[in-house]
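Taking it in order: structure first as structure tokens, then the write-up.
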């Protein structure tokens, strides 16, 4: 029952979709980190639903930091942030309480919590909880940026439409990170949005792939066994609702090739060791090699669809048919992208703090 | 620097490829688990190289259990096993000490350990360390089997050749787990071996995909955030050398479909809740739903190849050319398969012990 | 920077004395535990200052549970409680910001947090944070009681006055737990209060010893090395401000005796194994033996005194004289007692949940 | 079942008194630490029994380091050390298997491990396991010394005889650390040894108090809640067999005094902040203040005595009488002292590595 992540930088998430607050405690931050409210708000707005391709539930996400910040800077003690829930439509859920929504956690929550779970809107499993994750992540992202570490994610594919690959992540990311729909090729982005709208019109949903780059992490971070960079990042990433696969570099593409195709050759550039290609996603033997850390996440199609679905009544153990009402996202991939950046920031900062000590993030 | 995995069942791995021993400490095992030496030996033999498709280094893997077992059963205190290294050819490595092997951890180890690392044969990063993992895993696998939990893995693809998918894992696994080259379709297996031999003849290597099923885990295991089943399994799986991607169910296949294609419909069968399909790999919201847990691992082509490769001299920061000697695997996927089963056993047992208590595994 | 305690039942504390809220996240609670608001309030009132022997700062401690509870029962997801701070006199502190209060954490906080700490009222180090600990502890205490586990603490000595020892903790504790000033002998209690008042009249303070009994824990809980019952309890207990020593059973009394004096002889009573004496405090080899767990905590005299004290200006590195103003406790031992019970409940529940699984506390 | 200690420097202990090996895995050590075999041997010899005041079991403690060291220096990967058991008299134990030795862990082990435990010589609970702790501790102690951090312990009292207090620990410790019987006043030491011999002559045993100083730790190390310096040290110290109480500074002496007696006044000396007294043992609010860290451990009289004792037959649940045979220590305090130093080194190094990063110990 551990809803906490991290060894030396620890994030605890709490809250339910229809409770009073969702929130987070972030412990292990160095003292003296400037809280950039404009950036936190901007990140929250990128996660917030907007337009026809998202749920109609609108939350202002008016977060409050209630501990761990003094005079605009972190104190070094646990930072707690609260985000009130204001737009719950709880009655949308009570009539279908007993019916397990396919692809959702209703049944697994029931199996685990024996019916005591707050089922409304997915409760603690709701994607709503990622708002707290994004707010916490924003604090870490801005601190990492001061240390020369930059993270960015684009929608590599969505609804069957592929974006262009990163050309040079260092150049691509600054503008990418400003976009509400984060693609490198805007025409492809328009096609993706059309695909989402088409699915929405059918009462259906789409998924996609998010590709992320983390730049500026020095070589030598991570552990050989278990706390590998891949292991630590994937551990956290799989918490993001709808993410079902994580690969580093060209993993699932490399499986049909040969070693000579995919070994990343080293060379010297400006007295530094670099690799000519980056099929391994910046990680060898679980440890960073100084190249960009590259990974991709498979985002399954949103399970909330408006088509009638066969399912079961969990309490009576009978077959049933479910017709969802309420407000749902035909795609979450464009919203999930800042969540991925936030999780990546938390995980990589934890590895860096472990390596360089508790003051490192603000020095 | 944590080479330990698990919250309540903890595995610590130690040792270097050319040191005296590799080994493991397994702590958190219930007392009274019977040690099945024949099974441990059998699992080690499945990991051991054999024939033209593997390295010529041969190790007897004569493990010894030096603590935590008394009169053939676990005591409940830390179980330590040692496996001596007997067939090191250390001189194969000293001449090329300064040259970072592409795709290997030489450079990242140097960046992390500043040259103090035991570089011979990959040191602590060596796949050799997985022998200890397999021996420890075998103990857990046989205990899980007593509890009705069965794990099996097949080579879903290798060298561009695809195996048949699982038909019924419960029926497929018993014979699969006996095979030295674990495929469901032996003809495809023969093609894969040919592909490996062809790569070996070229001084090259191949990769592939391993698909795993875990059967018998009850619904309700795992945590909503961070210690999700996917997060915990992937964390451990990424430690296995050459694994660069992990997906649950049909993750990277689902990304181009719609929710209506991939939502696993629930139904009642014999008063139990089941899903008609298993695209989600037995996990919803991070928690088991009682269906088989299904995941796939991308195994990159083995980085040790005999072709000349450009690289760098790490000490002098100069470009160089590397021509590997020594004994290397043109493929490790057939050997990695019991490693994946072992890691899966350790991770899932940890989740189960957390849920049901420390005595559960032997009751 | 880990302000979290516990392996399977995890408490995270946050907040500063003069911030908006102090609070706690409690994760790992079984679902279905009834929240007994009257009991939580009662425990908070026992911690709250009252009368001449306590600080004049009065807080209503109107806690709110904002996650993890649904329809009056725990959901099994993280339970977050918030307690607003309403009676801060921050200006009492700003004039003496640079002066390290002797016996307090001002200087060590400055050394750790480089001046970014919220210094007002002790910030995150304030005993005020224990209100959140007590509210969280009350939830666990009432759940433990349902399982037959009872905890109680008396003021064994204060200001040089000794209370009677426990006669039979099972009989002593019910009435003891109702008392605002928890002594077994009321006459001695009156003497203690006089000693506190006398110290207060001198602008000074007193300390004492708290003795605690935990009843009903079965034999076989705890670990042989490191996670011993003594180790886990003491780890948590030393967080309580002013506690500087922890002993189990008759520890510091046994040091001058012989083994034959202090070995607790076993005997059979009603087919159960018991000990005739309990010098070891219910723990042998780090593991419970089924007898009451007994421990004592040394509470140093409150460091906030009104006498002029020599100290230093931390910023200018000069000697200085400090004359405290504000509102301070001449003794905290009577208030610390429910804090000790709360910490003991959290630590022992964590050990029990580790042993018996995540549902145990509510089954 | 976690026999592991530490967050960033992790020690795992394994082995049983009459097994093949006892040993330890130490993970998180920086690379490049020189292994000083002479010092490890010297520390082991100080722990080893000698003369009339100790058990007649003699072990050569011929440790072997089998991983994590290359060319005489740590590699940064897990360091495993093995110590063979060679002088077991297992038959001493089999005849009394069913009889729970008072003051020992026989019954609690049985309650926890259901009879599967290796009961011979106390099994995994045996003080013998501390040999591995001392060998691991010696590696850390010598690395800490290079960083200016020195640890020393004297027998503050034994058998009712008190040693002199530390005068100046920095001057006292170098010679103290060479002594087989570590007292500051040799006459008092002779009296203590006489008291031990007198107890031995009676078939009885004695206990005492160990006082430890840790010098050179900078201010600002430790956490405000839970991972306080006191909490982390005591957690580890209570693992040492026979330790039943831990106090910092003058804890149990302060309880009868007033704040004005025990507040440690700050002053400036050579532009540094110091305290005039050290009643708080170098820790305020859980965090180091730069003064010596001082703590005392209560060591109960050794429970192995030769007098007939009432006890129970655990299997038949009947009363019984036990007359111990075998080889036992009439006192262990003089041997426990290097164990305390070792544990202190491990715990404080963990806190320092957490604060300053993984390379700190060797830089």
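Some observations on this one:
First chain written, first letter: the chains are A, B, C and D, and each begins at residue 1.
The rule we apply is simple: a residue touches a chain if its C-beta (ideal position, glycine included) is under 8 Å from a C-beta of that chain, and two chains touch if they have at least 3 such contacts.
The structure displayed is predicted, hence computed values, not measured ones.
By count of C-beta pairs in contact, C-D exceeds the other of the chain pairs C-D and A-C. Interface repeat of A-B: among B-D, C-D or A-D, over half of the contact pairs recur, by residue number, only in C-D.
Annotation: 38 Å between the Cα-based centres of chain A and chain C. Centre-to-centre separation of chain B and chain C, using mean CA positions: 45 Å. Averaged C-alpha coordinates put the centre of chain C at 27 Å from the centre of chain D.
The set of chain C residues that touch two or more partner chains comprises 1-4, 7-8, 13, 77, 112, 124, 224, 358-359. Chain contact summary for the complex, chain A toward chain C: residues 1-4, 8-10, 12-16, 19-23, 25, 27-29, 31-32, 64, 66-68, 70, 73-80, 82, 112-114, 116-118, 123-124, 358-359. Contact residues on chain D toward chain A in their complex (touch as defined above): 7-8, 77, 224, 354-360.
Residues of chain A touching chain B in their complex: 1-5, 7, 13, 100, 102-105, 107-109, 111-112, 122, 124-125, 129, 157, 159-160, 199, 202, 204-209, 218-228, 230-232, 234-239, 241, 243-252, 254-268, 271-273, 275-276, 279-281, 283-290, 298-305, 307, 309-312, 314, 317-319.
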